[in-house]
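I've put the structures underneath this note.
Same chain, two partners: subunit A is paired with subunit B first, then with subunit C.
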Partner chain A sequence: MIRRTGYHVAMGLISFLWVAPILWVIVISFRSFDDVAANGLGSLPHSFTFSTYKSAWEDADEFRALINSLLVTIPAVLLSLGLASVAAYGLARYSIPFRRTILLLMLMGNLLPPQILLIPISRFVELIGYYDTLIALIAVHVGFGLGFYTFVLHGFMRDLPREIQEAATIDGAGPGKIYSAVILPLTRPALAALGALSFTWIFNDLLWSITVIRSGEKMPVTPALLGLQGLFVSSWNVIAAGTVIAAVPTVAVFLRFQKHFVGGLAIGAVK
Partner chain B sequence: MTALAADRRTFLKGLGLLGAATLVPGCATSSKSPGSGSAASGELALQSNLSSEQAKAAMEKLVAAYNKTGGSQVKLNTVASEIFRTQLPTYLTSANPPDVYTWYAGSVADSYAKKDLLLDVSSVWDSMGNYSKAMQTLSTSSAGQKIFVPTSYYWWGMFYRKSNFAKWGVTPPKTWAEFVAVCKTIQSKGIPPIGIGLGDTPWVASAWFDYLNIRINGAPFHRQLLAGQGNFTDPKVKAVFTKWREVLPYFDPKGKSFPFQEATSALLAGKTGMFLIGTFFADSAPKDALDDIDFFQFPIIDPAVPVAEEAPTDGYFASKKVQDVDGTKKFLTWLATAEAQEIYVQNSSGTAIPANPDGKSADTPLVRKGKAMIEGAAEITQFFNRDSSDALQPTADAALTKFLDKPDQIDKILADWQAAAQKVFKA
Partner chain C sequence: MFWPAVQGFWLALTSWDGLSAPRFVGLGNFSDMVSDPIFRTALKNTAIWLVLFGGLSVVGGFGMALLLQKERRGVGIYRAALFTPVVFSLVVTALIWRVFYQPDGLVDTVFRTVGLGNFIRPWLADPDTALYAVIVPALWRQIGYVMVLYLAGLKAVDPALYEAAKVDGASAWQRTRYVTIPQLKGVNSVVLSVIVIDSLRSFDIVWSMTKGGPYHSSELLSTYMYSTAFQSTQLGYASALAVVIFVLALAVILGYLIRAFREET
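Presenting the complex of A and B:
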């Protein structure tokens, strides 16, 4: 019993350590600027205000930034998972020549550090006339996610029993029908997990948005948060409020898919 | 447990509704976005890094005022200063770059002129005959063309709280000996005399290097050193650090761990005595403390050296690839007027001083004093990175931070600094 209590106390303390920075941000987000300036970021709050949320929302235009983020994230997730599942279906269920090579080639792209591709991508996007558009950003995210998603889905689809597909073929279903009516529904757990993961990855991306987008009004929420920082002086309370707002969509997705999130981590771990 | 799950669901349902509501107008606006990125003819794109709330609002007012005068309409595009800094080379080299940019005068502008990326604005300067000689020099490229239009500057000084100085019984020092005496007195009250904030903002230490160098060796030596024509292992540079060591015990030991914004809070709360900083720090001060803030000029060390002050100058330059050259020059000419600069100064934090000598600055004792100090200076420098390059700044940050930690290793630190600087100058 004592050991159990000790365990809980210790684990409680450790969890608190994890949560503390988040709590700190939330506390700062309710403090006024003069309070932060006079007492420092680290002090206990001497004020309480909601105005930080108002200025993050209105002055910093976080509303528009969130819409931009969703306009990028949702199509990018749907498109990359859709394409990846088709590719994985073909590679996993049919004996296409060189399919191993194709898969490895797709995965190889993910092994490159994205930083070395920044300049080529920014130049290429400009060349084809899509610089400073959300479409460019979606395309970049789809391109980068595709290799990894295909690899994961391939592993999952390969392990579906052969007999199901044979039964469907006997019933007269073509490859397209088998994909949409048999394989895709069976892949749902993997798709949900990947969907949740890719949503957070794309939503939280900063690097690509500032590489292909130049107009302030088209920036997604992560660079918009950066924009709350001034050249020298930053209103940390407003930034904290903005961060809390920006975290809401990812937290929502996490709550909805939390089961799959954990499951997603184990995809491909055990055959 | 079930109750919790139900709560989670309702929360999500609410969010879903919110999300659906936001998507409706979102779709309507998104269809317009492709293709509208570049400025159409008759419209000028102004790329601004002034992203803090007040400065952004001031820029919006400035642009609105210009657009009312007729001519090309200007479209302001504000991006985070950090993004702007890293992306500026990309903007300038892209096929369809923004037209006008906020930036800094001096070698940081010249580095782009050397790559032939900037518009020659010599004709704009025809209307700027009343600008000081120093401003002209700062706006001229190494090829002898005017490439920059300065609009405002600010100053650096040793800031303190008047009430605290009165409480401690000290008066602002003028000479180095008086300064050391003030430090001793403040320390005897149990307060660290000199505040500094180097965590995240290590460049703040460069102000000390700049000022000690221009006070001991003079501005011409300082400029040459930063331009790569000197050597950091020079005994004259070492003399700077010998002087610095005299006051090193008076620095706030906590200053290494927090950024300058926190150091400002420490100064205002009376936890440190003085702070060598630029006027932009006032933006991070609570409004009620502002009346109590004053500054004194960095103490004179060698009266034989002509007095120089740091006055970083801000303004605009334009891309070489602008479509509407006349419209761009017209806008820049307007930005150089006293009227335009007053609009900006009145609506921003108020510590910036118009670059046009006819422009009125904010009428506060602090700004009057700062303006008088700069106008009385024999020489003007800007700041370490602005007088050298953004590439040289990290070498200074590394050297100065190390010096503050281990002042006795100065010879090795200076040798390392010279080696690092050599690489930057050769690149």
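Presenting the complex of A and C:
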């Protein structure tokens, strides 16, 4: 009994310590500038205001940054999962020559440190005239994610029973029909997990955004947050509000797809 | 994906400012590195990062997974609490902690409350503490992630093994040491490769908190490569730095691929 209480006290304390930074920043985001100036960032709040959120949303234009983020993230997720599922379907269900080599090459592309690709890709994007466009950013994310998604989906599709496909073939379904009507619905759990994961990965990206995009009005919200620091020097309450805004979309996706999300992270581990 | 990588290797052998044509210098960039003090700092910091960030997140994540593996009341909440930071971007994480490290912020207040007021310093602006002040938030976010990987691994361990060990009179510690840990071999190798690759890639959090400064004291190879490429536009030298990162990561990548290959057969 005492042991159990001790366990819960200790774990409760650790959990609290873990969440405390988040709560503290939320508290700061509602404090007024005068309050922070007078009492310091370490004190308990003496004020309550929404003006910080208004500053971050309108003056710093986080609204536009969020739109940019969604304009990049949503097409990139759909496109890369769509392409990856077709590729995985082909590799898993048909005997394509060298398919294992193809798969491993794709996976290796994903494991490469991005640094080796930064300069060539930024130069290439400039050369074809897509520098500083959201399209270039989408293309980079699709290219970078494709290998890993194909690898995971391939593993998943390969384990589906062969009889299903044979039955569909006997019923007269062609490869396209089998893919869309049989395989894809069965792959939904894996697609949901990868979808939730890739959404946060792409949404949270910093390195590629600052490499491919230059102008402020095209920046997605994650790199735009860094710009906020320059804009509101030492207005930490506004910066806190901006941080909270930028965190909301990924938290929402996480809460909505919680089970898939955690399952997805574990995909690599249990294999 | 591979053509740009090949280009990256080629550029590492050149000197290029991005305007005129790249000039072939052979291995000149690499011999420059040897006498480049910033490179040596970055390499040393990357090693520290690997040991502290990598090591502590494995120890912390594994410990938490052991504590939270049994399904009982409250465990769900504890797991969720530890996992929450994982969904934030590293930039969000960096800003949250920057707020703390401000003069008179929460960190200073805590130090003063427990009577360590003398130790207070501008954490991120002091070359002696900057690197460690960045590792703490990185760990805060990584431990939950590693925990999830281990929780999945622990779930896959056959409970009959524990029962057998218990019957044989093994203590809780012995069960962990001789049953759990050997059973987790597969997960360990995944975690290890994830950690090494993550460490070498670590860029966002350092860039958002210190940009590698002050005076390069928190510089990692990845941040040094980025600023060399896009701020001082020495594209050849930056490519050579990228090659170093690649070579360091290669061993781990190969290990991972061999494992993946074996499972495919």
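Definition applied: the second predicted complex is superposed on the first by the 258 of 271 C-alpha atoms of A that agree within 3 Å, B and C clash if a C-alpha of one lies under 4 Å from a C-alpha of the other, contacts with A are read in each partner's own complex, and residues count from 1 in each chain.
We adopt the following convention: a residue touches a chain if its C-beta (ideal position, glycine included) is under 8 Å from a C-beta of that chain, and two chains touch if they have at least 3 such contacts.
This one's a predicted model, so the numbers in the text were calculated from it and none came from an experiment.
For the composite obtained by superposing both complexes on subunit A, the positions of subunit B and subunit C are in clash.
Once the two complexes are overlaid on the shared chain, A:Pro223 sits against subunit B and subunit C alike. Once the two complexes are laid over each other on the shared chain, residue contacts for A:Tyr130 go to subunit B alone; subunit C is not touched. When the shared chain is aligned, no partner comes close enough to touch A:His260: not subunit B, not subunit C. In the superposition on chain A, A:Leu112 contacts subunit C only, with no contact to subunit B. Contact with neither subunit B nor subunit C is seen for A:His141 once the two complexes are overlaid on the shared chain. Once the two complexes are laid over each other on the shared chain, residue contacts for A:Leu41 go to subunit B and to subunit C alike.
Counting the residues of subunit A that each partner touches, subunit B and subunit C differ, and the larger count belongs to C. Residue overlap on subunit A between the subunit B contacts of one complex and the subunit C contacts of the other covers 40-42, 119, 122, 211, 223, 226, 229, 234, 236. Listed in rising order, the residues of subunit B touching subunit A in the complex are 8, 11-12, 15, 19, 22-23, 25-26, 29-30, 33-35, 37-38, 47, 49-53, 55, 57, 77-83, 86-87, 90-91, 94-96, 98, 260-262, 264-266, 268-269, 278, 280-281, 283-289. On the side of subunit C, the complex with subunit A involves touching residues 1-5, 7-9, 11, 18, 64, 67-68, 74, 77-78, 81-92, 95-100, 102, 104-110, 140, 144-145, 148-153, 155-156, 186-187, 190-191, 194, 197, 200-201, 203-204, 207-208, 221-222, 225-226, 229-230, 235, 238-239, 241-243, 245-246, 249, 253, 256-257, 260-261, 263-265. For subunit A in complex with subunit C, the touching residues are 7-8, 11-12, 14-16, 18-19, 21-22, 24-25, 28, 40-43, 100, 103-109, 111-124, 143-144, 147, 151, 200, 203-207, 211, 222-223, 225-226, 229, 234, 236, 239-240, 242-243, 246-247, 250-251, 253-254, 261-262, 265-266, 268-271.
For subunit A in complex with subunit B, the residues that touch the partner chain are 33-34, 36-42, 55, 59-60, 63, 66-67, 70-71, 119, 122, 126-127, 129-135, 210-211, 214-219, 223, 226-236, 238, 248-249, 252, 255-256.
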